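Chain nomenclature is as follows: A, B, C, D, E and F, assigned in order of appearance, with residue numbering initiated at 1 for each chain independently.
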């Protein structure tokens, strides 16, 4: 169900059936020595493929560039602005609606994109109110994460290249993880980081925020399957609500 | 040499050596019954990989959304605006420069992107004049195309899903071509199409502009290897000019 | 220390001494039957005055309009866009810097402004890097809030016209609270509200998210004095760092 | 009739009755040694309160930042751009209309805002044509001013911290005037100031354009009551025209 | 001294000598039955030519489109936005500076352009501070106009297709005036027109604001020669100040 | 049929008859020693006048500023941005539609404007779909040019101040051509110029791309009359399609 491998002659009817398009969106961003720069792309892409399969939706090609202001000075990071992302995502959403889609899911693998995605979704809610737009960043994982987590979290909302995200990668894209280079680096972030522009080099030199050595595929599975269930449920519900009566 | 599979600890030195980053950019767009919607993405991606290999450059993850105003009403096409593309590409270019790259190649598989790419390159020429920016859309193929082409061209600058582009796909991504559905459809485009906004449904219902049945992998090879030679030469030349003396 | 009550002849020297300018920013927004529409303005304004006094800073006139997308359909709410706020705040920050200020504190009483404030702060970090910019939304209150709170919270990050915010008002602006009309209304918000544009009329008709009847001035004092201590500490620290050696 | 002191449960009906919302808008700007930086805010705010009372309208919280390009280099001035003001005022107007208001009065205390207010009013006239928008900057005072004025005017359209404006302040906000420091400073402005960007430091070091020592509360009363009559008349007329027939 | 009739090989040296470039800017706008739609263009163009001759400056080709919001609903008017004008004028100014010009005169024949011209001049004052920018709209004519005028003025700042402007045309472009169709139409404009968006069809059906039948070439000469003297003086003064010492 | 020489009282009916408005658009740009900077303006203006006459259309005053990025560093060139042009042209088009025009022809004399014109036309196709918009840059001349041309072309799409353009000028505006200074200068442009931002000083010092000495009025006539026939045909056809049935 990869939209870009379909052809124009057959796709129209399939869109009418699928109703939903899932856009993986990630980033190219430093993730320590053991994870690749494209970690957020790989996670978004594979979660999207799974979600598409479980809900009979189309998956769109990955948008692999995200807002990485915080880590833009780390080697290999590529940063794009909120403005550019919002413009591009609004355009994509509007185009999907014209093509007959009624549900647009932005499956996000990178926290830094959250602002742009929410804003784009609100713009689309004005422009094409009949298109239902979702932005997913691991919804519904709070409890299960607390259960499986062994190391403490270094920040209330950030997690990065740590026990948790490395576990995600071990479950979804293990071939891109080098556990032999996994490290434990728990920075003291401090309250100021939430009150003033704070590039991450202020408090970390590794971009790892936790203990990556504790990561396991099993932990990843536990959390991600929980989240996939939540997402599957939401998308299927939306499809039911939007299903045209015959 | 895929940037997103590198890790942040090792990549800095490699960037200094590679100097050049190649961004494949295509589109999701109707290409007739025999070619996939992602044809331009596949071509850009694979040409970029080859060019990266031949020049020792990094290849970036594909930007798979393009300006497809002309075909936006065909099933499956996704259109984004020039403004959004220009903003995103400027951001990427500026970020690459901060990361140490000195050559930024936009390898374009979709003619509709040409305006945005040229404009983004000019903006970057102001903002980061030390970054050399290229936008490639099959450079240097005029003569060889005239030689291998058997069917006539339906327009001075457009070619689409025809003998030529299908040959490209047979050479670079044959597994995505269904020659059993290839058709011949040579529309009469007329001079007005160059003088007024003209969505392609005005003159074609198939989005094929020529005789796709004449396509062969050999024709694709002849043209694309010529173009790859031209691009390889330009990138290598640029690297020589920018090489810091030791 | 209200900047607007100073005159132009005497103010220059005072600015050099004060170094810091504090901008209260709130919103006009529905806050249930017992709290005024200007609740967030009143809180921001009075906290700013206290913080200014404790740190020897200037307080600026209140910016009383904020982004209230979520509650814009409730009677009396006035909504302005992130774009407008970002533009205005960048202008103010740049102007303050030209005037000799070196620390710009945006003291925010309305969660909906958080995106605009963070974005404006980042823009200023590019444009006038020598201006230290803070955005404060009750920093450092997590633990103390958990201690004093008697009712449960209806959302991980939202709190609104509830036990907590009403307690803030009782402590800071009790004359504007009508406890005889305080209500308890704990909506079930659900996970979708964090994944799709969700105006609050979807889950509440009162705009109260909790049990306002449990509010006391004492609870407000406990939390707000904690937060004032944190803010005072941060501002004084910044002043020390920026103090020009004689 | 301060909108921000109303609560959301009761306000809807009151808006329907009031029909009109009055926004005071001023600036933080140098006004010589005897008047505060917030002179334009104080005047706008108190005139708005009076006008609201006389017409049964709501008064909105003051927008205290204005375009002070001409005086931005004087100590204590804070300058914001026309673009930011226009965006914010358009948003406020649109929001007021959604809330049921049908008349939006921008009561302006600062000449530098005139361009932004007129432009915002025109934009609103396109976007929400059913909202009647006014921008008032002391309408109808030409004759009475000529009568009461004892000193000559230094410019055809500027007046600033002079006999006239100081009289306004003595009448409306006398507690903020220090007549012991009032000065007479009548600069020769010259025709070029109307033909080329001319910051006021070019022709004055005090920001006083006239003889402030001649100011009296009585002069202020004469002019401002005339203007209040004009404004009251216009707003009441507009209400009559827009009154929904029962 | 028309820049566009020079050639590129000889012009550089001439620019260095001339220093100043004069841009006529007008509008296409209704001017009653006796004056052409291009009245403001004709006046700007011919005044510019005269001013160029008297000061040894270059005259640029006329920018014939202006902001005519007020009269845009009258037959034949063409309206462009302030934003478009500001952008274009900033570009032109910046380009002139790169070409070696040091004085940029916008000679304006249309009051509606005043906002855009002033704003563009301020933007240029930031971007290219070494370029001196003037915007002229009949400077220095107040006294002489009062002397020659026989009919009363219908508005403090507007004059349009009336005794005055028709006199201008008789003096500068008499061949485009049809005095046999000149009319007298003195509308009662009222104070509201200065306080709310007021398209002119509200108070006139002819677009003539006065008594055009009283116009004479002699009156035009008296006023315009006065204004030309003022402009000549300002430009020559600016040249002296900017003249590079040998 | 010059719109700006009409008056507002008579023009409405004439617009209804004419239906079409033709806007000449050119540039101020280096054109070698033998042609004036305003070459593109002169050509556009005179072709527009002829086309207007042959089709019974209105001609608008010339927009004499264009995008000349490539030649902006040559003496006398004035460059404006695509953004400014697009904004201005959209405004003009929308205004023409309000005035009753149904066909808007942008007659372009400068290749560098092509991007802005095409983009503006597409914007207008969204905003005012009932307005038919054309952008003409010598349509239909390919074959006849190949026939009359004696010198070879230095680039696939550029021609500039050469045999061809000089012939145009000899035919349309001979009084502005100085053939005694015509030169032959055929640069080797190379493939890179189409792949990277390349100001023309990279490959030419004269701005002449060919052999201007071979120019004749007769060649100009042959090509331009062919193109005028094509344009006349297109405009007349459009008029027939749009003609309101009585």
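Please note the rule applied: contacts are C-beta pairs under 8 Å (C-beta built on N, C-alpha and C of every residue); 3 or more make two chains touch, one makes a residue touch a chain.
Keep in mind it's a predicted model, so treat the numbers as computed, not measured.
Q: Identify the chains adjacent to both chain B and chain E in the sense defined at the top.
A: In this structure, the chains that contact chain E and also chain B are F.
Q: What chain is the most remote from chain D, judged by the mean position of CA atoms in each chain?
A: Most distant chain from chain D: B.
Q: From chain E, which chain is the farthest off, judged by mean CA positions?
A: A
Q: Match interface E-F to one of A-C, C-D or D-E, accepting only the pair for which over half of the contact pairs are the same residue numbers.
A: C-D
Q: How far is the middle of chain B from the middle of chain F, if each middle is the mean of its Cα atoms, in Å?
A: From the centre of chain B to the centre of chain F is 30 Å.
Q: Approximately how many whole Å separate the CA-defined centres of chain D and chain F?
A: That pair's centroid distance is 49 Å.
Q: Quick check: how many Å separate the C-alpha centres of chain B and chain D?
A: One centre to the other, that is 57 Å.
Q: List, in ascending order, every residue of chain F touching at least 2 other chains.
A: In chain F, no residue touches two or more other chains.
Q: Which chains make up the ring, listed in order from chain E with chain F immediately after it?
A: Here the ring order, chain E leading and chain F following, is E, F, B, A, C, D.
Q: Help me check something: in the complex, which residues belonging to chain C touch chain D?
A: Within the complex, chain C touches chain D at residues 2-12, 15, 28, 30-38, 41, 60-65, 72-81, 83-85, 87-88, 90-92, 95-96, 98-99, 176, 178, 181, 207.
Q: Residue numbers of chain B touching chain F in their complex, please.
A: 69, 82, 115, 118-119, 121-122, 125, 132-136, 139-140, 142, 156, 191-192, 194-197, 230, 234
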